[in-house]
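Both complexes below contain chain A, partnered by chain B and then by chain C.
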Partner chain A sequence: MNFGFSPEQEALRKEVLAFIKENLTPGVIAEVEGEEQEVSAGEESAGRKGLARRGPHLSELYRRIGARGWLGITYPKEYGGQGGDRISQYIVEEEFARVGIRVGLVGSGAPAILAAGTEEQKRDFIPRLISGEYSFALGFTEPHAGADLANLRCRAVRDGDEYVINGQKIYTTAAHVATHIYLMARTNTEVPKHDGISIFIFPMDTAGITVRPLVTIQNNPKAPVGTTYGAARTNEVFFDNVRVPKSALLGGENKGWRVGSTGLNLDRVGASRYLISVRRDEDIVNWLKENRHEGNSLGDDPAIRDKIAEMWIEAQVCRLMTMRSMSIVERGGNFTYEGSAEKVWAPEHGTRITEAITQMLGPYGQLMNGSPRTIEKGIFGHNVLGSFQSGINHGSVQIMRDQVARRGLGLPSQRKAQGARK
Partner chain B sequence: MTMCPVCGRAVDEAAAKVQTGQTAHGAKEVDPKQGTRQFHDGKWYYFDSLGCRSKFTARPDEFLKKPAQ
Partner chain C sequence: MDVLLTEEEMMVRTSARQFLERECPTTLVREMEEDSKGYPPALWQKAAELGWQGMSLPERYGGQELPLVFLGLVLQEAGRAVAPLPLHSTVTAALTIAQHAEEKLCEAILPGVAQGKTVLTYAVTELDGRTFADTVQTQAVAEGNQFVINGTKLFVDNFVAADHMLVACRTAPGSRGNSGLSLFLVDTKSPGISHTPLVTLARDKQSEVLFRNVRVAKGNLIGTLNEGAPIIESMLERGAVLLCAQMVGAARKDAEMAIEYAKYREAFGQPIGAFQSLQHMCADQIIWIDGGELLTFEALWLMDQGLPASVEVSQAKAFCNEKCEIAVRHSQSIHGGIGFMMEFDLHLWFRRVSAWSMKLGTTYEHRARIAHALIDLPGRVVLGRPVPVVAEA
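Up next, the complex of A and B:
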C-alpha cells in the first residue's frame, strides 16, 4: 500500500496549479463571486430572469479546462468524459475547489444516470452535465418526508404515454437556477412504500411547476464564495398537473428507491464535498500566519496553536476518507457505507473547527459579510452557519450514522430493531 | 380568499399562486410572502405560514375535522 501520489499525479497537480495561476484572472474572480451572490440572492432575486448563467470569463475558463481534459475525467469518452482515473479527478477537483471553481460532478445526479439511464438519457444528459449546460435540482424532500424519505407523497399517475404529477417538494436547493428537476415521486400506492417510488427527470420550464423561494441562514447577509455547500437559497416546488413523457422516467417504474439511494451515495464521492470543511482549517491557518490581531500574533499563543494542530489532524481524516471512497469506486468495489461515514465526519469536523475559530477570533469571528469591520469578507462567521447546513442537506448526519450501522456494521435496520424491542 | 385551516387567518390563494417572477430556466416563481400550500388527499390546502403548515402536516385530521374559529 502506497499512500503517496505517483510522479504523474504530482505532475498533474503542478500543471493544474500553474493553469490556475495563469487563468484565475480578476474577470473570472468577479464572475465567480457574482455567480455565488446571484445564486444566494434569495427573495430579492425572485422575479429576475436569466440568473446564474456563466459570464464570458467563466465560459472561456471552462472551455480551457475542458480543452485540458479536466472535465468529467472519470466518465466514459462516448458520454463526453475522459475515461480517466479517480485520483486524477480528485487532484483536479481539489485544486479548483480551493479557488471556488467547480469542476467535479459531486451532487450532480450524473452517477445515477450512468448506472440506471437508457442509452438515450446517457447521451443526452451526461455530456451536458459535464459541460455545465445542464444542472439538476434534487426534488426528494417533502414536508412529510425528509429523514423518512420513503414516506414521500408527490404522485405521478400514468396516463397513456405520459405521467401526470401532483404534489410538492421542499428545501429544493437551486430549483431557481437548475435546468431540470430530478424528482422522486410515488407511482404505486398499493405496495410497500419503498416499492412504489420512481424517478423522473424533466425540464424546469415544463408547464405546471411553481417555485417558492425559501431562504436559509446563509442568505442574509449573503454568504461569500466557498462558505456554503451548494446554493444558499432553497425553495419549495409545487407540481400542478405537470405532464411529462414516459421517457422522463429514470431506471424504470417503481425502481426509484434503489436508483435514487445508490445515486445519492455515489454523488457524495469527490473532493469538493470534503474540501468545504478542510478549507476552513486552511483559511484560519493562513489568516493566523498573515495577520496580527489587536497587536499580537495569535499564532504564538500556545492554546491556539494546540487547537489548530488538533483540528488540522481532524481535517486530514476528512481527506483520507474521501480518497478511500474514490479508490473503492475506482476499483469497482462494493461502496456502501464509506460515503456515509465521510458525510458524518466532514460536516461535524466543519462544525468543530468553525466553533473553535469563533473562540479564537472572539467577536471579530462573528462579523458577517458587508459589516464595515468584518475580516476576510465575513468568511469566519458565514462558515459557522454553513457548517450547520452541511450536517443536514444531502442526508443528515443521523441518517448517515444509521447507514454506517446497517451497511457497515451489519446491525439490524432501525425498523427491525424497534420491532424486536416491542 | 380562504382560511388557514390551522390559525384561521385569511389566505389569498390566488395571490399565493400568481406569478411574480421566473427562474433562470423558465419555471414560474411566486412571492414567498403570500403563504404556502399543501397537497393533501388530492386537494390543495392554503396556509398563511410554514409554521401553520407544519402543524397541519403533523395532524391533518385534527384541523380538517374542526375548522379554526
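Up next, the complex of A and C:
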C-alpha cells in the first residue's frame, strides 16, 4: 500500500501549479467563462467546431500545455501521447480541472479507440483527440433506451462498402460543437439485444444529421463555471439515411456492446469524475473560514461543524475510491465492481453536500448567478438543480448498484415476473 | 500511489486469515464470552509465535519492527474472526510504551509482550464517557519517589486479563483540559486497585477500575510530567485507527455472510438475493466497508511515514462507526428472523461491531476534531492535501 505520491509526481504537481499561476490570465478566464456563455444561447449551433471553437487565449494555453507534454500523457507516443503513467495524468488533470480547464480524455471516446480501434483509426483519431482538433459527442441514449441501453433502436444497415444509419439519439451532449460522433447502433435485429450492436465513429458534418437543442434546467440563468453539469444545453440528434464508410466501424460488427462497456469503464476513471462531486466541499469550508465574524458565524455552529466534517469524510472516500480505481488500472488489472462503486458513491455524495450546504446557507442558498448578494456566484443554487444528474447519466446509481451486486458480489439476476408484458 | 496490497501484505493477511480459520472457530468465541479472563492463553501464545503482539515493536525487544499497516492487516483478520484475544488493547499500550517510555521500562515490559507472556491495557476514560483526555479527573500526587493515584476509570478493556495498564492522570493540581496531564504505567495487581466488571453488548471484558491511594514508582511516568496530553492523544489515535481495522474486518465478514445467505434463501420462488432492493443493500454494504478500509489504511500509512494523521484517524473512526454499524444491521435484516436467534452465529459480529463503534471516540467526537482542523486553523483547504494547509504566498 502506498497512499502517497512519489517525489517526481509531487514535483510534477508543483510544476503544473506554477504553470497555471503564470498562464491563467484574465483573457483565458474570460474565454473559459465565455465558452459556457456561448452554448447557453440555446440556439442551433453556428457550427464553431473543434479547435476553431477555442478563443485565441485558450488556443495559446493549450499549445503551451501540449508543449509541456501534458496532453494525452497515458497514450502511446506513436499516437501523439507521452507513454506516461496514469498517476501523472491524474495530477495534471486534477490541477487543471480545479481551474476549469479540461486536459484529460475522460469521456472522449479515446480509451475505446485505443482498446478496439484499427491501426488507421488510432492514427487518425487519438493524436487529434489529444490536440483537441477532434472531439466526440457520445451517441448512446435514445428516447426508449436510457438505463436499458441495449434496447436501442437506431439502425445501421450494411450497403456495399457503406452503412446506412437511421434513427434518433437524445441527450447527446456537445453534439452541436463536436467534430465527430461515437454512435451505438443496431446492426442485427435477429439476435439477443446485446449481440446486435455496433459502434461507429464518423464526422458530425456527414450528410443527413440534424441536431436540435435541449436546454437544461441548471443554466437559467447562466451557471457559473464549475457546476455539476457544465453545459447549458444538450441535444437530440436525428439520422436520416446517413451514409458512413465501413471503416467507421469501431471494433467489428456486432461487437459494440463489449467495446462500449470497456470504454465506459475506463472513462469512469480519472480526476474530473470525482472532482465534480467534491468541489463544493472545499468551497463551503473555505467560505465558512473566510466569513467568520466574532460572535456571529456559521462556522461556530455545532450542527454545521458536524455536518461539514461528515461531508468532508465522504469526499475523502470519493478521492480514495478514485485512487483505488487508478491503482487497479495502473497495475493492468480490470474492475470487477470498483468503478461502479465509485460511480455510486461520488455522485450521491455530490448531492448530499449540495443539499447540506443549502441548509447551512438558508435563504442565501437559493440565489442564482447574477443576483445581488450571491455566495460564490450562486453555484450552490445551480447545483441544487444539477448535482443529482451525475447519478443518472453515464450509468445511473441504480444500475451501478446492480453491477456491484451482480458482478462484484455474485448475486443472481431477478427472474422475470410471470406474464410480464414485453 | 498504489493503494492495493503488495504481495508481502497479501501474504501477511492470508496467513493470519488461515491461522484464525483453523484455530478460532465460533465455538471458541462463544466459550470465551463466558470465560472469566475472556481469552485462551494457548491461542495468545500461538499468536505470539506468529509475531502478532510484537509486529510493530522494535526488534531489540523481540518485535518485528514492521509498519503499522501490517499490524492493521492482522487486526483486520482478528476482527474478521472476532478472535477473543486482548490484542488490540495490548498493542495500543505497547506501542505507546515503545515510543515514549524510558529504556528501562521498555526493557521491563516489551519483551514479555512480544513473547505473549504479558497482556496490557490502557485506562483513560472516566465517568464522563468521552474518549479524549481533557475529561480526566483521576489525580496522581508526588510523594517522595512515588506518585499516589486516586480516582475511577471506566470501560477499561481486558482489565481482568491485563498485567499492566497505562493510566492517564491529572498531575498538576487544578489544571483543566489538556494541560497538566501525565501517563503512568501501573501494575494491575497494585494494592489499592479494585474493579467491577461491566456487562457489555459485546460480552467482552471491560471493567470499572477504582484507584485508592495506589502507589507507583516515579520511574513509571511515561514522558514528561504534566505534559502527557500529546502522548495520550497519540495512543488514543493509534488505538482508534487500529480498532477501525478490526471493525472493518468484522463488518466485511458479516456482510459476506449476508450476501451468501441471500444467494440460497428463497422467497417468492427465487433467491432473495435476486431482489433488487436487497442487492442494493448488499452493494451499499460493500461500498461502505471499502470506504472505511481505505480511510483506515490511509491513516495507518501516514503514521508509518511519520506524517500527521490526526484528521485521517478521525475520518476513519467517524466513518466506520456509522457505516460499519449500518452494514451489520443490514446483514441482520437480510437474515430475517434467524439472525435474531442466539444459536445462529451472526450476532457474534453484530454485537462486536456495534460495541466497537461506541469506544475510542464516537462519530460526533471525531467529527468535532475534523471540524476544528478544517474550520478553526488558518489556510484554504484542498481535498487530498494535508489539513490544514497554510495558503501559499
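Please note the rule applied: the second predicted complex is superposed on the first by the 392 of 422 C-alpha atoms of A that agree within 3 Å, B and C clash if a C-alpha of one lies under 4 Å from a C-alpha of the other, contacts with A are read in each partner's own complex, and residues count from 1 in each chain.
Here, contacts are C-beta pairs under 8 Å (C-beta built on N, C-alpha and C of every residue); 3 or more make two chains touch, one makes a residue touch a chain.
Computed from a predicted model, the values in this text were never measured in an experiment.
Enquirer: Contact-wise, after the overlay, does A:167 reach chain B, chain C, both or neither (first, second, both, neither)?
Expert: It touches chain B, and chain C stays clear.
Enquirer: May I ask you to name which of chain B and chain C touches more residues of chain A?
Expert: Of the two chains, more chain A residues are contacted by C.
Enquirer: Name the contact category of A:282: first (chain B only), second (chain C only), both, or neither.
Expert: The answer is second: A:282 touches chain C but not chain B.
Enquirer: I'd like to know which partner A:299 touches here: chain B for first, chain C for second, both or neither.
Expert: Only chain C; A:299 stays clear of chain B.
Enquirer: Just checking: does A:152 make contact with chain B only, chain C only, both, or neither of them? Give me first, second, both or neither.
Expert: The answer is neither, since A:152 touches no partner chain.
Enquirer: Which partner does A:65 contact after superposing on A: first (chain B), second (chain C), both, neither?
Expert: A:65 sits against neither chain B nor chain C.
Enquirer: Applying the touch criterion given at the start, work out whether A:330 contacts chain B, chain C, both or neither, answering first, second, both or neither.
Expert: Once the two structures are laid over each other on A, A:330 reaches chain C alone.
Enquirer: Who does A:178 touch here: chain B (first), chain C (second), both, or neither?
Expert: Only chain B is touched by A:178; chain C is not.
Enquirer: Figure out whether A:410 sits in contact with chain B (first) or chain C (second), or with both, or with neither.
Expert: In the superposition, A:410 contacts chain C only.
Enquirer: In the complex formed with chain A, which residues of chain B make contact?
Expert: The contact residues of chain B facing chain A are 17, 20-32, 36-39, 42, 53-54, 57.
Enquirer: What residues of chain A sit close enough to touch chain B in their complex?
Expert: Residues of chain A touching chain B: 43, 45-53, 143-144, 153-154, 166-168, 175-180, 203-205, 209-215, 236-238.
Enquirer: Give every residue of chain C touching chain A within the complex, in rising order.
Expert: Within the complex, chain C touches chain A at residues 1-6, 9, 69, 259, 262-263, 269-271, 273-276, 278-280, 282-284, 286-287, 290-291, 294-295, 297-298, 301-302, 305, 314-315, 318-319, 364, 366-372, 374-376, 378, 380-384.
Enquirer: Can you check the complex and tell me which residues of chain A touch chain C?
Expert: Listed in rising order, the residues are 1-6, 9, 87, 94, 278, 281-282, 285-286, 288-289, 299, 302, 305-306, 308-310, 312-317, 319-321, 323-324, 326-328, 330-331, 337-338, 341, 344-345, 398, 400-402, 404-406, 408-415.
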